[in-house]
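Mind looking over this structure? Questions follow.
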Amino acid sequence: MFVLVNLKTYPCDPIAIAEAVRDVNDTTDARLAVAPQAAHIERVAETGVETWAQHVDPIEYGSNTGHTLAETAADAGAVGTLINHSERRLKLADIDGALRAAERSDLETIVCANNPTQVGAAAALEPDAVAVEPPELIGTGTPVSQADPDIVRDAVEAAETVDPDVAVLCGAGISTGDDVVSASDLGTEGVLLASGVAKADDPTAALESLVEPL
Amino acid sequence: MFVLVNLKTYPCDPIAIAEAVRDVNDTTDARLAVAPQAAHIERVAETGVETWAQHVDPIEYGSNTGHTLAETAADAGAVGTLINHSERRLKLADIDGALRAAERSDLETIVCANNPTQVGAAAALEPDAVAVEPPELIGTGTPVSQADPDIVRDAVEAAETVDPDVAVLCGAGISTGDDVVSASDLGTEGVLLASGVAKADDPTAALESLVEPL
Amino acid sequence: MFVLVNLKTYPCDPIAIAEAVRDVNDTTDARLAVAPQAAHIERVAETGVETWAQHVDPIEYGSNTGHTLAETAADAGAVGTLINHSERRLKLADIDGALRAAERSDLETIVCANNPTQVGAAAALEPDAVAVEPPELIGTGTPVSQADPDIVRDAVEAAETVDPDVAVLCGAGISTGDDVVSASDLGTEGVLLASGVAKADDPTAALESLVEPL
Amino acid sequence: MFVLVNLKTYPCDPIAIAEAVRDVNDTTDARLAVAPQAAHIERVAETGVETWAQHVDPIEYGSNTGHTLAETAADAGAVGTLINHSERRLKLADIDGALRAAERSDLETIVCANNPTQVGAAAALEPDAVAVEPPELIGTGTPVSQADPDIVRDAVEAAETVDPDVAVLCGAGISTGDDVVSASDLGTEGVLLASGVAKADDPTAALESLVEPL
């Protein structure tokens, strides 16, 4: 299972969490990574943890003041990027553009989507993975795999129908090892999580408990 | 073949063009329709022509000042709607929302997209049809079926792979009957056109010449 | 006082409300108008009521599929338009563009804004009027003139400082005649309201009660 | 005069340019600064140059995946930020929100705008400065101070009328020391420039020639 810890713009110490993710990664067969803010990518990557961007724009080198360039994220040490997170929704044409920008920079890609229908559409754009995150569950602590397992099953099926090479991840409300196991049982290859680790008093313990049942 | 004449916000007489479309429709096996501005839907529909909306928003009845409600378009006489036209791009989640809104109102749907990859994604959202319109050809008078027939072929294949029930239309640069025939030969079931009819000195003659070879 | 009834995309009968607004307008010194959806402007205007658009785009005649053209709103019978309503926020450059489009079509303009600071900015764009509508009060039934009279006073002062020719209106939560009187006492020249009339069992009675104390 | 070098997403070496800006700053009475991409702020600031962000979002700490937090830009070493650059236009309410976010973090602010009318509106939002950048001149090498000096004069007057404490800068097409002198003569207190330095073979020489006539 792939576990991606999204630090959003939380008031956390990105380096401390990066080190916790790196250290727990060394103790498990699961693959753990962290997605800090753009301004923190370089320092986070220097810890040795697998580092992801939270977003890249559908642009190339040029006149794009205030935008996030895939090449810059990659140069700073990112190896992948989220695209179309529910807090950073993009136009269909711009998801396509951001994916092509990420490919140019050899960034692995996860496109987020609200529901199985949108997961199918996202899979058709040829990302490495898609993530289903029902907006109503984000930040609730109620995992989608428990609140509505059919959404996860349908998302896995929708992606499979469109392109069997696209992995499916599961986000929204994941906070325990049981949630990760449920997500795996439903056919996903990973989870996105955020506050469960980033806001934990002890991120290392939170991560250990997450991967323990795997 | 389905021929949809998009009046955009051109300074044309929507009623005169609607009547021309209606009259030529009666002389051919092709299916002709017209897409006026929202404020013109009702009067255009009263001519008896098949009438489409140019856009509907991903909303329901409620507090949505300045938005276009699918129910209102349908009540005014529209039987279908364009969604995600290149001049009115939507976020992926909003294309999904607009499609569900259109379904609720029994509006037929065409989702526009730039290229075959995006056509596949649009097809996964379960519209009635998708239209491939490379932005660089819109308004040029160079039909995509001639400038780059592979884009059309690839779009037909992309939609077929994702969902064989979704029809493919072809837009951008269509202006002659030969263009319509080429589009048909490439596997599409219709065309979107705009200035070729809406800006013609004689819209009836322009339409007759379009459907003549069919 | 100017009283503008915004019908949003409510499931109301726009003609019945238009007739109520027209009839009550004939019994009072207040100026009453109604803002229906774009597709209803023409039929609403035909009742003889003063008709406003809910939004116009920063565009000219041309290739703008799915947009609202000021000229079309004016041709259909609108004499004014809201711009930047809290449910249809625009970029600063587009508020400017929409105002210039409305001027070209001789539409009167009201630019909405959240707070006194934004009201000052809106006033600098040379609209006919600005409206202060704290988003947290919209649809609550608690009038801004009561919940926070300082916001209204500060908005009047902010507009006065920037351009004394720009009238200030007050929106959000207005539903009774007393609210209208309070708004007037605080220095505004009108009110925006919506559900209080559009969702009333008896819109005529609701309007009569609104203008009675004036 | 304040000279802000915007590195956009150019394929330049941000550190080399930062060092050039820092070194030339030490030789002149002008105040020189550089605005790198978010991911480069920290390393650029470590050179000792005055560092600005290109954009901040209207957000606080929290769930804002893929956004730019003012606090993070400040922590990384930025002392100011552009807002509403023509390549990153914001809604009016979001310019207000981004300014308040920047104030919270003690970032100095420059709000960009297309024309004198929008400059007046921007000044009403209480930034430290506004910059007038006619979009049609950006990247042309034709300075606005030469192509249309009245735009600059009108912008200075518009800001002065609304708030005399707000400085006016001038962008678009600045590339020589004469352009900077003209901008100063027209009443501005600084210039924004980009390609003239960022794409120069010798950024130090380009900067020296810019500040030499001051």
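What to note about this one:
Going in written order, the chains are labelled A, B, C and D, and every chain counts its residues from 1.
The working rule: a residue touches a chain if its C-beta (ideal position, glycine included) is under 8 Å from a C-beta of that chain, and two chains touch if they have at least 3 such contacts.
Here the structure is a predicted model, which is why all the values come from computation and not from measurement.
Farthest from chain A, judged by the mean position of CA atoms in each chain, is C. Each chain gets one centre point, the mean of its Cα atoms, and the points for chain A and chain C are 43 Å apart.
Between chain B and chain C, the centres computed from C-alpha atoms are 34 Å apart. Counting partners per residue, chain B has no residue that reaches two or more other chains. If the chains shown are joined wherever they touch, the resulting network closes on itself as one ring, and no chain has more or fewer than two partners.
Pairwise, the chains that make contact are A-B, A-D, B-C, C-D.
Residues of chain A touching chain B in their complex: 84, 89-96, 113-115, 117-118, 120-126, 158, 161-162. Only residues 6, 8-11, 35, 37-43, 54-55, 59, 61-69, 71-73, 76, 82, 85-88, 138-139, 194-195 of chain C touch chain B when the two sit together in their complex.
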